[in-house]
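I've put the structures underneath this note.
The following pair of complexes shares a single chain, chain A, combined with chain B in the former and chain C in the latter.
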Partner chain A sequence: MRLDIKVNAYRKPLETAGTLVHGRRKKWSTEFWMLLPSMILLAVISIFPFLYMIYASFMDYSLSFDEPTFNGMKNWEKVLTNDTFWASWGRTAVYALCGLSLEMLIGVGMALLIYVLPKARNLILTLWMIPLFVAPVVVGLLGRFLLNSTYGLYAWLFRLIGVETEILGNVSTALPAIILMDVWEWTPLITMIVFAGLQSLPEEVLEAAEVDGAGYVRRLIHVIFPLISRTILLALLIRMMDILRFVDTIKITTEGGPADSTKVIGYHLMEVAFRFQDFGSAAALGLSMLVVTIFLGQQFVRFMRKGEE
Partner chain B sequence: MKRRTVFQITALVLVIIMFTGACSSEAPIDTKSKNADKINPNKLVDAPFEGWVEGLPKIQAPEGFDWKQFKGVQINVISENTPPSSALAANIEKFEKVTGIKVNIEQSDLGTVVEKVGLDFNAKSAKYHVIYADPYQILAKYSEHFVDLNLFNKEPTMPHIPGGLEDFVPTQLEVLGYMGNKEKLLALPYDNPTMVLAYRKDVFEKYKDLFMKEKGYDWTPRPGMTWDQYYDIAKWINQKVKEGVITEVKYGTGHQAKQYDSLMCDFSNILAANGGDYFGRKDIGTIGTIDPGKSAMTSKQALESVKFYNQLLKEAAPGSTSWDWNGLAEAFAAGEIAMAPEWHEFSAMFENKEKSKVAGKVGWSLLPKGKVRSANIFGGTGIGINKYASDDEKKAAWLFLVWATSPQSQYMILKSDLGGSTPTRSSVYELPDVKKGMEPGTKESEEMPNLLSMKSVLKAWEAENAYMRPKIPQWPQIDTYVFTELSKMIAGKQSPEQTVKAITEMVDEATGN
Partner chain C sequence: MAPRVRKIAMYLVLYSIAGIALLWALLPVLWMLLSSLKTQAGMFSMPPKFIFKPNFDTFAYMFSERGNFTHFLTNSVIASGVSTGISLVLGTLGGFALARRKFKGEKHISFWIISTRMAPIPAVLLPLYLMFSKMGLIGTMTGLIFAYTTLNLPFALWMMMIFFKEVPVDLEEAAMIDGCSRFQAFWRVVIPPAAPGLVATGILCLMFAWNDFLFASVFSGHENQTIPVAATLLITQQGIAWGQAMATGTVIITPMVIAGLIVRKYLVRGLSMGAVK
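Let's turn to the complex of A and B:
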């Protein structure tokens, strides 16, 4: 009974910050003060810029003019009625669909392959990871050199069979080439995530399936995939978010061309913000991207939860 | 005092500070030398730089001027990664030794420079004290953020521009130094690449008779050659390459038609040669304006030029659609192309035996004539001072400007292995060795290979042959519209008619007309 009284006496001020503590009034709890620095940091680096972005999306905010002025929905109207905006989203969708499909196919396949390797598993995994350590700008430069029609390796190989190529300057090949560069760089990330998922598989379940006479393919379909499905979804989500803001390689290789064929939404945003210096429209564009990202994220989470149920 | 009262007083003080800050006018710049009282402005003394070149105006300061008065001041220079900046960076100790000023030169591609300068100006900060003031992408848009250099040049206690403003090429000074009017001098000419025609002398000499026999005229590139002839020659070379007659090159022509600024430059040569332009106003390319009026891309000349460019690109090397000026230069240096409109400063690269297969085989000429004239786009840039820098930094930056744009430094840049750029000073072109360097095969031309293109460039700088694109604040946007729509046309996505219509609509929207 005495103990109960002590506990209650200790708990009360924590639960009701702003009430009496040891006979005097305490406005804020200790936890609040401990969290305050990180809350300020969060406000400065995340919440304030976000709110400012919303504010900027309703302003005529161009560096060539004086102070920003309120222009209502004009930026939104400009962004949403622009053909380039929708075309860029279309290209982003193609890019995401093709790129992600390839990355998932190769990445998951490679993870499964490395997982069953009897030896040198770590060495192969490390070698496979190398593209991940290369900066996207460098990937763009590498791609540009390899695909250069004057001295590039691929142009030289094609010439051996009598074909003149111009990969980055051709509307039908520029985007696929950039997708392949992206696949080269980011597939190892999928492999790494899925491989980590595979390593956490319960041995007993796999052994039980094996004892029951299930072959590798059946174990893969009925045991392994269901168990790692959430890990795969997570990898997919991470890459999806990444692809939406993809810019670097395009900037280095094609500048969005030829004929806008590689202008994805991230590049369009960068162009409006930094080339046109039209920060109002860029803010509206950025917010539209945010809405899509949140929507996709929610769908993924919902899908994952469905799996759990 | 209660905490709430303290908070209220602090807030009130902050509001007053902000209000007075907003209302106060800009403080005048102190341009005087630190030891102004000990200076005799009536007598000029040579600056303590070494290695003066006879025949060029020297850097001078009024008697008593202390060149070390800004010792310890650091100035940051932002520049495009062009030859002059590389050459200055390599020789910066010459300036630092005399002045004690530390200079950090940051070089990036032009797009990055434009972004960084824009952000610096927007924040009204002075991370960069000396700005590479590209007239179309920086000066036109941010002219209000530059220091008026007249204030320093007319200050009796400071060093002045050696040789005077009249030593700069007048048109170049107008384009690179002013915006809207000539009241304020915002930048000093710093580099000045110009597009002219590069061609393979060996190919044109070897097949001259064959061409003459089949086509009936002398095909050697020279002033007066037309764009129609250029197209005809390119087509003929392509045909002869296919037949196996010509083996020295793979294509008659190559262009810088990547969806980029280079495509606009490449096309502008033809547009202006046919008497067209992006806007109707005549002084728009030199002094510049904030009100360009309606787009002139609806003109007959514009449509003809777009049609011709589309046709020409069908005969160009296929790589053209992915080449900017660098890509085109690499292809030309690799020996793939017989002729190409290119920035003249690539002459140094073409003559470099380690980087080029065409060293000693390159000729230069004015760009072909269109319906009206030969138009050679000018791409120079000036350097100016950020007005948000402190007074000491501004003065230190002025000393840097005086040194960097002086005839002596311009000559040094011309001779530098890292630079090899083109002097912006008329006096440099009067030097005997510079004159000799313009002749192929001379020792001087080997030392200063950019001079091999200079005869054509000097012609290109004459008012009737030069083309200056519009100098207006909206230019980065309009430039993007122009090259994007042209790229769509070249890729077969739209017709020339649709292209001019799209450009016109977008340009008028951007300029509010």
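Let's turn to the complex of A and C:
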């Protein structure tokens, strides 16, 4: 009898094998029980908050009231007709656009550079990725320290070339400075992703192109870029979603100022929720962020699945 | 001879560019490290000094009773350690199930998981805050651990799923034919080859929790502030205690830099949720 089951188990695909070894068909498999706790926890932390946010966005909801009261579309109206809302999204877009272009340019460039340097490859890559591990709070503190107009190292370097300014306290330079901090911290990630893509390129193809007499630039444009374009796009999507999440460094460096010049959408939300305690509007605001993120996330997953097939 | 010279010149240029890039990447970190070892006066001297006698007073003060840094450090270690542990256990079990089993609506489940990880924290923070305040979890360690787990569990699930997919199914089948139960096969045969991935996932979870400021600043009370929050306490109306700030920064990043470099091989997969091999 036992032997029978074993022979059967060997022939059947794994899914049924698990249930057959136990001698009877089970309605819920081992895997179901393995996944269940995670699913419950994820539901508690994602579905419930999501529904709650929809609910709160239709409520006059503040900590100073005992009970939230229904106020229809008022929060949405308040959020959508608010200039700060659109300006914050605009700044987020500028942030994403400028930050991402720089990160892509430097990140991909560094990946290609490290790829053609055979000797010091590992050393350069290791040192280059150190900023990735620096906590956003520390990035903010460092930014403030290095750019301080009287004793900052970078401000001192600027003075050497004759530029003297309070960089983080200036409306026109605060956002660029924040963007550069982001570029500093996250460009290595792009490099790592693209470098991984380069390493998985089929060598025969590259060699064939070289044998055919294509110069480096031509190989780059006609062979390398087309092959790693998917990887580059994925890196772009990941960073785009991350930029939406970004708040910490701004909180430390400028608190959204001066004159709102660094107030991105995430920071605006934090302010509406926790400084003004207007949870209803904050919920509507948060939903606007979720919509954008979910759209980006869908693209991300679509891209990944295309690669698997 | 000429092509050789051209080649040398080219490499010289390329290495110089790499050198400049590394300077840009490392100077801030290096400067922080140096500043934390300087005296108050030395720190602010202009032009900046790169060579000086190191001074450990700031660190000594931080870890003295008045500096109270041990307290913050303990909080950070507990909050990030426990949440990493929970995420790893649940993520390993669930990740294996996702890797092996065909579910109805599997694609939806995996998209749902990834979306919880990618959701903008400021937006997620709000309902969690309301939920936690109803449950009396604001200002407690439990609340903070729970918050970090929400951040790390979807990540751990996704990562472990990818690592388990790389372990050949034949291994378990063989073990099960030898009489192991499904779970025994998982525990004895599948876990060992996936162990490096497990360690990498753990280190990355640890890093996300350790580096977090937003959750800690909203959910933690006076009793359980973590080091990143402690670092921001140094920013006051009167100015910033730069010596301490730089020393705190050094303490925050050192373990993560070391851990991160250890799992370097898996880093790309971790930070891009397995998108690229």
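The working rule: the second predicted complex is superposed on the first by the 250 of 309 C-alpha atoms of A that agree within 3 Å, B and C clash if a C-alpha of one lies under 4 Å from a C-alpha of the other, contacts with A are read in each partner's own complex, and residues count from 1 in each chain.
We adopt the following convention: a contact is a pair of C-beta atoms (placed from the backbone, for glycine too) under 8 Å apart; a residue touches a chain by one contact, two chains touch by 3 or more.
Bear in mind that the values here come from a model prediction, so they are computed numbers and not experimental data.
Once chain A of one complex is fitted onto chain A of the other, the partner contacts of A:Y151 extend to both chain B and chain C.
Of the two partner chains placed by superposition, chain B and chain C are both touched by A:F274. Once chain A of one complex is fitted onto chain A of the other, the partner contacts of A:G256 are limited to chain B, with no touch recorded for chain C. Contact with chain B, but none with chain C, is seen for A:N170 once the two complexes are overlaid on the shared chain. Comparing chain C and chain B on the residues of chain A they touch gives the larger count to C. Look at A:I114: by the touch rule set out above, it reaches chain C but stays clear of chain B.
Taken together, the two complexes place residues 150-151, 274 of chain A in contact with chain B and also with chain C.
Put simply, chain C touches chain A in their complex at residues 11, 14-15, 17-18, 21-22, 24-29, 31-32, 35, 43-44, 46-48, 90-91, 93-94, 96-98, 100-102, 107, 109-116, 118-131, 149-150, 153-154, 157, 169, 172-173, 176-177, 181-183, 186, 207, 210-211, 213-214, 217-218, 228, 231-232, 235, 240, 242, 245-246, 249, 252-253, 256-257, 259-261, 264, 267-268, 271-273, 275-277. On the chain B side of its complex with chain A, the touching residues are 111, 114-115, 118, 121-122, 141-142, 258-260, 317-323, 327, 330-331, 334, 336, 473-474, 476-477, 480, 484, 487-488, 490-493. Those residues of chain A that touch chain B in the shared complex are 63-64, 148-151, 164, 166-171, 254-261, 271, 274-278. Of all residues in chain A, those touching chain C in their complex are 6, 9-10, 14-15, 17-18, 21-22, 29-32, 34-35, 37-39, 41-42, 45-46, 48-50, 52-53, 56, 106, 110, 113-114, 116-117, 120, 124, 126-138, 141-142, 144-146, 150-151, 153, 156, 184, 188-189, 192-193, 195-197, 200, 231, 234-235, 238, 241, 244-245, 247-248, 251-252, 266-267, 269-270, 273-274, 279, 282-283, 285-287, 289-290, 293-294, 296-298, 300-301, 303-305.
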